[in-house]
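First chain written, first letter: the chains are A, B, C, D and E, and each begins at residue 1.
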Amino acid sequence: MEFLWDFFVAPFLDMIEYPVFLGEVAISGLLTGVMYSLVALGFVLIFKASQVFNFAQGAMVLFAALTLVGLMEHGLPVWGALPVTALIMVGLAFVIERGMLRPLINQPPITLFMATIGLTFLLEGAGEWAWGSNVKALDLGIPNSPVDVGGMLLNEFDMIAALVAAVLVAVLALLFQHTPMGRALRAVADDPQAALSLGISLRTIWIIVWSVAGIVAIVAGIMWGAKSGVQFSLSLIALKALPVLILGGLTSVPGAIVGGLIIGLGEKVAEVYWGPVIGGAIENWFAYMLAMLVLMFRPQGLFGEKIIERV
Amino acid sequence: MSAEARGGHPTPGEPMLSVEGIVLRFGGVQALAGVEFTIHAGEICAIIGPNGAGKTSMLNVLNGAYQPSEGVITFKGRSRRRMHPRTAAQEGMARTFQNVALFKGMSTLDNVMAGRNLKMHSNFVACLLPAGPARAEEARHRAYADEVISFLEIEDIRNVPVGRLPYGLQKRVELARALAAEPDLLLLDEPMAGMNRGEKAEMCRFILETKARFGTTMALIEHDMSVVMELSDHIIVLDYGRKIADGTPEEVRNDQTVIDAYLGVATEDDD
Amino acid sequence: MTVLTYITDLYNTFFATRSRAINTVFVTVISLLALFAVPTLANEYWLQAILIPFLIFALAALGLNLLTGFAGQLSLGTGGFMAVGAYSAFKMTTAWPELDIIAVFLISGFFAAGVGILFGLPSLRIKGFYLAVATLAAQFFLIWLFNRVPWFYNDNPSGTITAPPRTFAGVMITGPEAAAEVRYLVALVLLAVFVFFSWNLMRSRFGRAWMAVRDMDVAAEIVGIPLLRTKLLAFGVSSYLCGVAGALFVFLYLGSAETIAFDVNISFLVLFMIIVGGLGSITGSIIGAAFITILPIFLTNLNPILGIDLAVDLAKHIEVIIFGGLIIVILILEPHGMARLIQVSRERLRI
Amino acid sequence: MAFRNGLRRGMSGVLAAAVVAGGLSVAATTTLTGTEAQAADEQFIPLLVYRTGPYAPNGIPAANGALDYYSLINERDGGINGVTLAFEECEYRYDTKLGVECYERLKNQGPTGASIVMPLSTGVTYQLNPRAPVDKIPVHSMGYGQTAASDGRVFPWTFTFPTTYWSQASAFIKFVGAQEGGMENLAGKTIVLVYHNSPYGKEPIPTLQVLAEKLGYTLELLPVDHPGQEQRATWLQIRKIRPDWTFLWGWGVMNQVALKEAAAIAYDMERLIGVWWSSSESDVVPAGDDAIGYRGGSFHSPGAGFPLHDEILQTLYGGDAAAAAEKNFGEVLYNRGLLSSVYTTEAIRTAQAKYGNRPLTGAEVRWGLENLDLTEERLAELGLAGFTPPVKITCEDHEGNGPVIIQQWDGQNWNIVSDWIEPMQDVVRPMIEAAAAQYAEENNITPRDCSQEM
Amino acid sequence: MAGGGSEETAAAPEALLRLDAVEVVYDHVISVLQGVSIAVPEGAIVALLGPNGAGKTTTLKAVSNLLRVERGEITGGEIHFRGERIDRLAPGDLVRRGIIQVMEGRRCFPHLTVHENLLTGSYTRKDGKAAVRADLDRVYGHFPALAERRRILAGFISGGEQQMLAIGRALMSRPAMVLLDEPSMGLAPQVVARIFSEVRQLNREEGVTFLLAEQNANVALGVADFGYIMDSGQIALEGTAAELRDNPAVREHYLGLSRAADAGPDEGGHVG
């Protein structure tokens, strides 16, 4: 009985009693969700344009961050290291297209998925080999201090991260909506073969989206790296992005954002209010359960393309 | 034996299946607008009509792949608002598809055996063992499957994964799978699409032999008029989701509405 | 003898080139080698670090392959289902120490099967990668649960489960005193039995129903295959095998384990095995397990063999890179897995 | 396409050949190593390390420290009493399965086999503890692993000295009590434990709970799931609870993130105390100056200011401080690795006194460990006066009742800020004995009678 | 038939596109085309007729090189465009040279607006925005229905409009030759008639050459100058449109006329 009270009533009473704290939890959750979206975005871009479920997105985040910090440790200033890292990520996209996507064209999705797992190992190994396994601090000069907003203590870094994510999404949206390349990209996402028939080169598009995903990975790497230091574990944030991705729908950029917000909000509220009741550290599986629950009603995710089966 | 289990098998000439007032909507579009007809036991009934007339949708309604928004389906004397694919199969309806819906990773034999799935009942534990009731049942059904395979003259490809077969043969394997279920009513969606003349003639022969040998009632969609005229006892003509003619080949052939609607325009269908 | 005939059949299907008599001899020789020669010849390192984990992973891979390769349901919950097997085996054998340990292994699979069926329910609506991620919910939840509820590890302060010494027919099977040879043989026999059952099952109406659902579920429904029941059975059987593998993983291999032994990496590892080995191939599961368990160890041992003296971290980086690269190369050369690759080479060599 | 098919066939052949060749060569190395002609006067020590993977930032300095001390012994002294140390690293990425593989590979090397193993991972320790009596190789889990193994009657082959998690937890409470102006002032206070949600992280809970009952403080538990990259919810809860003290029981990336998050909610760093695996240089690096004031436990001093460090710097690095710094010289975990090696060599020395100056078997080294008596004087001889308290091991007590010290981060270095704090033996020891008894019962172990031991 | 490649271009200077004994295999094993030879003169409309699965679409895809994506491969024969061998070129290069395919089933991009769909057709062009804009106006001129719906997502327009859009989109690449696959598929008769009249107009007024694959032989032969009839991956018959229309075998088997209909000349008249 007491458990039922604790589980079904007490958390809500708590929320009503301390609305400011609830607001703080909610906003922190949303901001954290934005950080997940940053990683999920890379997945979506690649899946949209090439139907590849790129498990290596996490490893790309690690690789990008390691490269950036590694270059900075070798004396390059940030504004010098950033373009060099971006160039390296673009180069990586070329290599991946040539060495992996092209030879595996027309293979079933699971084979490509598997290949990206191979790629994960490659990138992790190469990144650590090149730049070492130690934790590297990434100081962006953004203060990591709390700011009081209407009684709520919010984190300045989080807000800046959210801003960066918003800018990134806006830039991507602009790129997709209003440039010929973006149009071609969306065309390929809709119907690769038809795009091919119009002379749109799938290979070029693949290189572009893997490059863009690489650059998104740099941004994600910077943001996450600033939080935890740049180290191997960055590769594991892919696991935090998966439920976001699935909830939003594999093919939708807005889905990645909204999915991130929902997961971020949901898991923080669950952890803070229900975690203590059932033992804590529930946010990981809660995010997956939440995603699964949504899928039960919308099997293609919130914004995903409806899967139409023709007989 | 299974016929009794599935309820009375209508004697030739009695209604096998009839539909009344079938309406099917996709979004705002009415794919079928109040269709009704009856297929009698023992006959080959052709459903024809121009592209987009709703023929495939009609078959999908018959076996429950689509749920109509209105109408009644009566199969072997039992009326229903809607069919379910599995119920349809259980009651003795089998079908083939326009674009071939085979199990591509499985061999011809396995596909045909899958068609007999409903007739096999051995339990899970028995199936783990190399001998015993499950194997005996398996052997019995394999014998029947082999019979169907040799009936359709596809012994050579018995063990080939069907995904590797050319289209024409896949169509035949699909027919074999449907026949393996020993259906009372067989729905064939363009059984001859994509075949050359020789293959078509062969397929016609199989269809006629099926009727002769198993007494199966068939409803088929086909756009090759020579084939339709040669095979069918009964023709239903659909146009824009409505039935515009229903009768013997002779009657339909001379129906002016049909000539205008169908012969005047397109043959149909995709590659 | 029937076992032998069926292994021979399996062999025939893959390498049907020689007469049945020769194959029978071949399979007999292999079986005898595996049963008698390997345990006597292999040293403890081979048994403990390579062969025993290989056999156990082969069993888990077989389980996942039935679900993913045959029934077409992509799952990343393997680690969780293995954990269910392991923890239920631990609970049973500590609660009833007199219960025969082999029986414990076999029963523990049923708990995993139950949980697997439960988490298989969404598969009716969710497909492909969406399903894979949904099964991760099972993975994370189960691991959390076993970690969270002390009952599962008998409230012991270390929070780990330990394989207690247990015997079968007077022979020590588990616990630190159990000889590696014995543990090897138990794993071998269990694997052989399950391979044998799976082989029969795949050639029965159930196996066909799974493959039909995999290849085209709409058509499967139309030939009268009940989708939900078929998928759930696949989840059940698959989880059963994974559960038994999980129990063996702790009792025959690790000796003791915390939940992290069953984390999501295990799920991915087993998935690698079946993709690299060959989806929808029983032999492929075994080959894949061999490849994925032995390759890293082989690479680790490569440098000393070649006489190259690399720093251990550098050697590891190179090893990881080669491992990743090899996966891609194998997929490019033979997307259908190593089972097919080996089949092709055997046909060519006409062995 | 034909090319590809050809390649594919070729590949399959190569692959088959490679597998066979690989198998044979692995077999060859593993069987040969046993009989390989090795210098008869070598003492083999396996080193399970992780210099790659998610925990490499912790594994690297620890491995470097351990390695440097053995090298020093060989280079400076020509081994222990003329017996050279042979050691081999095995990289296992902090992956329990690979760790066990390393152990199996190395355990039979050298003329007498592996004489001692230091897994440097709680997971691997749990695997090895039951095997140790069978393989006759002692396990030394220094400040980690299974606390119950401190009871030498149930775990004759496992050693946990100089101290354990449970002792550390009780020492933290003593430290906190002192800060509050007396243990009695702890009543009514709130202490939060932020812990790695694994058996490792849960280690201190029983101790802290027992003490909570005794001393009247409230204990709140906040688990963080592996790997712990996202802890916003945890720290929000801390903000809500407003604890007087927070203990951090993390590992790897969890530590770095926890410090960042603590700073982000402006948590008073002076009131955050980390376990000794949460308070090394790499843990505070990302938080930078925000981590100033953060304190952590330890069982040895930080820094490179001891005579032994000078000798290492001169002997191994030729006085090149920069090169040494590359190898984490003087960092907290480097020193811990160093200390581990000191214990090993001293145990071997102790055993040599009984068995003679020759390579020893695992069983002989076990005796050395059990009879280890590392006095102040001996520590001073080693150049480690004041580095760590003396320790004496007995048949019953494999922990040595080691005290704990508190260090604090000043933005550049870790500094000692407390005296050596004796753990509450009256609380901890009975718990250890109870846990060991439970283990013995579950695993059909008859505890040995220490009065029979010599 | 398999004469020297060099001499052919000289012998038939009028052939804009020429297929010589082209063979196509899918998945390494399934032979779909077995030696197809076709010539398309500049400025003509050539119809490729035949039943479902005869290889019409594959023939078009062999020209536009869209086979690779479907695991198909040209294993024999040559394809020449303006005398240049093109069977190894990427689809993009072909579009730049003036060959573009309008695929079966329209394949408009459903999440792009009508306007954006048209713009994707100009992907390969490098002649500046002004020229593209002029072409947009031209396409909207041909298909006023599209102009009205320019801001609407292509997924929401009718089948006939989609077909117009697909053709218009192809025109945006300024093609010399359009490969048009089954434009009548699934469309109402009046719509089919409108589309075919537009095809004829484009051909006459702008000199666009068409290679048209159709099952609806009646309509196709109505606009075409020449026709090829395919069966089982081979050319069964060829000739001018008029010849084919009058050929009794064609009438029976490919024009969808039943024997019965054939018997009664009155009904037959409805078709012609």
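What we mean here is this: a contact is a pair of C-beta atoms (placed from the backbone, for glycine too) under 8 Å apart; a residue touches a chain by one contact, two chains touch by 3 or more.
Small disclaimer: the values here were computed from a predicted structure and weren't measured.
With respect to chain E, maximal separation of chain centres occurs for D (centres as means of Cα atoms). Most remote from chain A, judged by the distance between CA-atom centroids, is B.
Chain centres here are Cα averages; for chain B and chain D they lie 72 Å apart.
Taking the mean of the C-alpha atoms as each chain's centre, chain C and chain D sit 33 Å apart. Residues of chain D in contact with at least two other chains: 51-52, 56, 60, 197, 225.
Residue positions 65, 97, 101 of chain B are each in touch with at least two other chains. Contact with two or more other chains is made by residues 128, 133, 279, 281, 284, 311 of chain A.
Only residues 105-106, 180, 183-184, 186-187, 189-202 of chain A touch chain E when the two sit together in their complex. Listing the residues of chain B that touch chain E in their complex gives 50-52, 164, 166-168, 190, 193-197, 223-226, 228-229, 249, 253, 259-260, 263-271. Partner chain B is touched in their complex by these residues of chain C: 2, 5-6, 196-197, 200-201, 203-209, 211-212, 214-216, 218-226, 233, 280. By the touch rule above, chain C contacts chain D in their complex via residues 42-46, 48-50, 53, 94, 144, 147, 154, 156-160, 162, 164-165, 175-177, 254-261, 263, 294, 296-298, 300-302, 304-305, 311-313, 315-317, 320, 329, 333-334, 338, 341-342, 344-345, 348-349. Those residues of chain A lying in contact with chain C across their complex are 53, 99-100, 103-104, 107-111, 113-115, 117-126, 128-129, 133, 239, 242-243, 245-246, 250, 278-279, 281-282, 284-285, 288-289, 291-292, 295-296, 299-301, 307, 309, 311.
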